[in-house]
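This is the structure, below, for whatever I ask next.
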Amino acid sequence: MTKNKDVSSGITRRRILRTGAAAALTVVAAPYIRPSWAASAPIKIGMVIPFTGSTGAYGPEMEKAAKLAVKMINDNGGLLGGRMIELFIEDSESNPTAGAAATKKLLEVNDVNSIIGYWGSPIAMASKQLLIDAKKVMMVSCAANAVTEQEHGGLIWRFQAKSTQWGPVGAKILKQRGHKKISVLAQQNPFIVSMIDPFIAEVKKGGGTIVDNVSYLPEQPSYRAEVEKVFGAKPDAVFIPGLLTDFTSIMKEVYRGGYMSKVCSLSIAADANGRFLKNVGAEVAEGIDHYQPAPPLSSPNYKKFIKAMGEPEDTVFLFAGNAYDQVWTAALAIEKAGTDVSSEWTKKVIEISNPPGALVGDGLEALKMIRKGEAVAYVGAGADCDFDTMGDQLNRHFLHRVIKNGQNEFVQTLS
Amino acid sequence: MLSVQSLTKKFGGVAALAGCSLEIPEGQITAIIGPNGAGKSTLLNCIAGAVTPDGGHVRYLGTDVTGAKPYILARNRLVRTFQISRELSSLSLLENVLLARQNASDESFFDPILFPARVRRQQDADIDKAMKLLVRVGLEGLADATPNILSGGQKKLLELARALMLEPRMVLLDEPAAGVAPPMVQVLIGIIKELHQEGVTFVLVEHNMDMVSALSDQVCVMAEGKDLMSGSFEQVASDARVVEAYLGGVL
Amino acid sequence: MPGVVTVSDLRTGYGGDDIINGVSFDVHPGEILTIVGPNGSGKSTLIKSLAGIVPARQGTISLFGENVTALKTPQRIAKGLAYVPQEFNVFRNMTIAENLKLSTEFLGLRSHDGNQERTRVLEMFPDIADRQDLLAGNLSGGQRQMLAFACALISSPEVLLLDEPSAGLSPKLVIEIFEKVKAVNELGTTIVMVEQNVAASLPFSDRAIVLVNGAIRHESSAAELSARGDLHELFLKEA
Amino acid sequence: MGQLLINGLGTGLIVALPSIALSLSFGILKFPNFAIGAMLTTAAYIAWSLNIHAGLPLLAAGALCIILFPMVALLCDAAVFRPLRSRGPVTLLVASMGLSFVLDNVCRLIFGNDARNFDIALSRPYRVWGLRINYELLVSAGVSIGAMILVFLILKHTSIGRAMRAVADNPNLAAARGIDAKRVIAATWILAGVLIAASGVLIGMDRAIDPQLGWNYIIVCFAAAILGGLGNPAGAVFGALLLGVVGELATLVVATNYRSGVGFLVIALVLLSRPNGLFGTREIVK
Amino acid sequence: MIAYLTTIMTLVSIAVLIAFALNVQWGMCGMVNFGLAGFVALGAYTTALISLNGGGFFVSVFAAIIVCAVMGAIVSLISMRLSEDYLAVVTLGFGEIIRLVTLNEGWLTGGALGLPGIPRPMIDVIGTDHYEVFFLGICVVIVGIVFAGLEIATRGPFGRSLRAVRDDDLVASSLGKNVLLLRVKAFAVGGGITGIAGSLQAFQFSYIDPSQFTAIMTAYAFMAVIAGGQGSHRGLILGACSVMFLLEATRFLKDVVDVLDNSQIAAIRLILIGAGLILLLIFRPQGLLREYRLKAPKSSPSSADSTAT
């Protein structure tokens, strides 16, 4: 800011111009200049999740979990010596264009240093370039491989198993169950589409055969034709990766159709925190195998998390845990780096997540240890939270459950 | 100039035209009269290409134009007006008239962009001409208005001006006097007379006998989809069949 | 004598111009009044205005001495008027029976049971009486006209307005239609009709009005008008 | 093959009801009501909350919904369409798009995003000559056919029904005959509302209820109504059944994903030979 | 904030282009297009496929224009052959089929995964820091060019002919206008413009997938045209800005209101948009601006078509 000291020298036209230009420049540059009082300013984190549109059902639980984590941190003194976390949440409308606009708004208007959330690969795909250009950290809960595939300068972290990791697990489960003739009925979305080929490869490797491979669009009046085609051929089992709404419709159809083939699905559809069972009732759901990346179920911290979320004890969260971990990972990395400059703290993410540090499940505990200079490896509510250098999570385990008598029964943990 | 040979047209089983034949000589005003439902409007529509006849032929300037699209006829300078005036409601009067101008770039998206000067020059000339026509029908003061504020008579005048913009050789007038106040009818008659003297051929479908008697060189009477007879107005008016079919026995 | 219908200084039209420029006349009880005139003279607008379809801009219309200028069609119908539009005057996608039923339901029906009315009306129109399940759209022009009459008559109107009943009909049918009109009239219904076909309509009329350019040119008994030698002049000469 | 036919008829019967509603409103109100999807969603939610929150058995909840929803439809008409009545079909069409945003999101606001289900037990199918026929299919077929018969009885044999047909046939003449347009419009919305409500309940039974529910049916309903000739309710039924059956049978030849494409192909073929739809006399807006 | 506005302006530019296309087809020529999103998708995929295979900016945009224009012509021609009033269904079907193809023909379109990594034009030269502004510049220039082109072309005889066809095709035909040709041309021109919009969309996100091109895109275009005033290109820019303003400004709603949770806010946003549209229709029936009409010369005869940009 140029101050005009020499008032008496008179105001020339040139000076006015110069001052004007400088003022204009200041206005333009304002968002990029970090004022000195930033030390006590809040640490701003953005979140883009769906509240409307076809995947709107998945946003609220993530919001709740993220807010929970933020509240815990803030109630205990915040980060970097007293700075509070401020969370800004935007609706992606399940639409990439809207998601990108939301991302941009968070980056530029709210001046966040990172954006978390990102349920739905198309939205992450459409937004990621914005974050990379702005050199801000992006933490996603979506699975499509492409999100982390291109060079992103260590800015993108995936709190979810990759699609290609999901596929083979289903095949393993079906093989264990002794099913040979297998069909696939898959929703057409990027997350699911990319798990099909690995699934099929795994089935063939295990000596099974693929009877049918049918994909369906989620927005249609009925799934009768698809169900008829797939189940009509009487395969031993059908692998149905889908989402809650369409899977509900499909299973109603399967039951009403009187088909007997076994079904294996993803927990986000066949459990969805108990919503599926509530939707269709025990009889329809009987015997469905389902799996999802396993949260550390046995850890006391996970139990604490569930309790804090106000859900029944046996709830197996997926996306809520992801969101919770995203906030914690960011917080720990920021504390570790001693700054909220994204390009700096993103380098610390692996350090605070992966061994050799001490395994700590309680975020507050981890914060304390970091402040003391001890090495920690955070274990999250959604996963162990270990990352490779591309930002993908390592050693994801999958939790395999089966629905028996209206209850989810633990079968095994697979990897 | 225009000849119609045994034209037929059925609408849902009802014959609107049942073998109508007609000769329209160049440079004359031919009136077509007849009772309601005699097929006059259908005949006009068939000539102008708005309706495709089921049978028969229409020849214009020696060429068979049966079933030709209206725009082809218009480009050969045959233009028509409508019984219930059909003005283009969202175009200004000036634009309504300008539209009738036949230029090479009328339907080209790129011409005004690629050859702005030429198109501009052409348009300016057209505007001049259009304004002159609007002056002629006394509507120049309303050039920027849209036709919805016009009275029935003014709409007819607008249609006439629009037809003239086409520099027609032949004009088909469909009941130009219908719904027009008497003083306006006289204006219409005046303008049509002038144009006739300039060599334009007219076909006039009209119930207003005043107009018919004032204008027509030849009157053709239609009844039940056929041409009944033709001749001078006096001849026709005194023909027993015509009196029976149209004017009614009392005349 | 006060008219069944009294029109005084009526002005009306659709767009900018008035089409009816100050028309006054009476309709006498029990007569057939025929309004003739060239195309575009405003006959149709006049009768629509009587029926309440085109609102009056100035002047009054009275029915049985009561001012009905401000009333809409249904209210006028309830007061004993009926109107048969020109052409498109039946519901083509409905059967004859349905067309008739509709009339009993929505016209000023005096008795609750429409059957009686329908039977009564159909007796007058044997042509359509025995094909009641036929779609009106499949009827011939004359039959359609009969049906339209029948529909209008179901409410036992005291005044019947007819807009060019002979339009588009062959000469033979024209006579039949007018005979029907006469028959209806003889049962006590006052009739006002607009006609272009002077020759055919006058012999069936009691009185006639010649309308030219929205004004009354001549008013007399039908016979007197027929007898006038200058009828041609009367019609065709501009004001 | 026989199974496909049954499935197709099942889908078609459910779609037939909103298609009739669409066709009716097009014929009488003279505009294509894009909000039909959102109205389905709303009706389904109303029935759902009666079923779950008020604890009524589904049958009662559905019946109550059929009574309540027409009022919602009338309310929509009063708020949105009445002020725009004189403004031409396209304006009304765009207004109905706006309405559909509002309705969908009011549902979302009140009921949230989660998929909801009625409190009913599902059942295994009956087997007849090797064909599987399930209870819901019978119920929805019963309700659909019942509703259709009701609609046609109303249209054919009641005075208001005849008045509706008269307005659709020739509005000017109807006015000249003293038919009260306001009453006919109200009756149309009520009838459409009943059909939409019934179908909303059936759809809710068939699949799950979520705020996007109606979107899945818009294109199908339009297609069915157009195929049958817009403004012709009987045609709409036929159109819906034809699309349902063709959609199912098409899976024998093409991949299931292209099913909806096949629907359009059928429409194109039909329109090629019958430009006004199978039974239509009316033209659609440009 | 400024960079945010940059992005929003870029999105507005794309929305404006789509609305331009609809305005030519529907606003001026009276033919609805319910498959706009399909056309935009076609343009975007054409651009993406060509530039992913080494085509440059101009080549890929030009190809998108040509492909969409030709497709527009074909679609309109088919529908005219069917029965000219069934355009609504044909375009709806077209949009649906494009969606199905992009979803199902994975070998070409990447299916549901979409096409990532679309090279952004001149990214090497400009660098990432100011790229947003640069790209907005490109968009604005393109919108400017399209706007100028449309204004020039449609204020002259061509626009007049289109409006005549919209008002009354029989009259237009009787005055020597080839109605079929004009309709096909209007559809082709509109198609070409959607092609450009699709290209920009592909470059903006450097990633496209079928879920970007949904019916809501078409709905927004209709809103923009209706709000702006059917037939007026200027009004439409205002209209598109208003719709976008409504969409984005409502994002700030929750920064102010603290009572409701996010999913409720999200629902309220869309309710406001729908209600706003309805209110606009009721209280501003003619739209924000009126369509251009040629003025009669007062003294100088050629004040008629000034060509504003």
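Letters A, B, C, D and E mark the chains in the order given here, with residues in each chain numbered from 1 onward.
One rule holds for everything that comes next: a residue touches a chain if its C-beta (ideal position, glycine included) is under 8 Å from a C-beta of that chain, and two chains touch if they have at least 3 such contacts.
Note that the structure is a prediction, hence the values are computed from the model and not measured.
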item: Chain hops separating chain E from chain A, counting only touching neighbours; value: 1
item: Label of the chain whose CA centroid is most distant from the centroid of chain C; value: A
item: Whole-Å gap between the CA centroids of chain C and chain D; value: 43
item: Centre-of-Cα separation between chain E and chain D, whole angstrom; value: 31
item: Euclidean distance of C-alpha centroids - chain B vs chain D, Å; value: 48
item: Where chain C and chain E are represented by their mean Cα positions, the distance between them in whole Å; value: 54
item: Multi-chain contact residues (two or more partners), chain C; value: none
item: Touching two or more other chains - residues of chain A; value: 51-52, 56, 59-60, 188, 215, 217
item: Chains that touch, pairwise; value: A-D, A-E, B-C, B-E, C-D, D-E
item: Chain E contact footprint on chain B (complex, rising order); value: 48-50, 69-71, 74-75, 79-80, 82, 86-92, 94-95, 98-103, 105-113, 116, 119-120, 123-124, 127-128, 131, 140, 143-144, 146, 162, 166
item: Complex contacts: residues of chain E adjacent to chain A; value: 1-5, 7-8, 11, 100, 103-104, 106, 111-114, 116-117, 128-129, 131-132, 201, 205-207, 209, 211-212, 214, 216-217, 247-248, 251-252, 254, 261-263, 265-267, 269-270
item: Chain D to chain C touching residues, read off their complex; value: 159, 162-163, 165-166, 168-170, 172-180, 281
item: In the complex, chain D residues that touch chain A; value: 3-4, 7, 10-11, 14-15, 105, 108, 112-117, 121-125, 127, 132, 134-137, 203, 206-208, 210-212, 215-217, 220, 247-248, 251, 255-257, 259-260
item: Interface residues, chain E side, partner chain B - complex; value: 149, 152-153, 155-158, 160-161, 163-164, 166-168, 170-179, 181-182, 185, 189, 231, 291, 293-297, 301-302, 304-305, 307
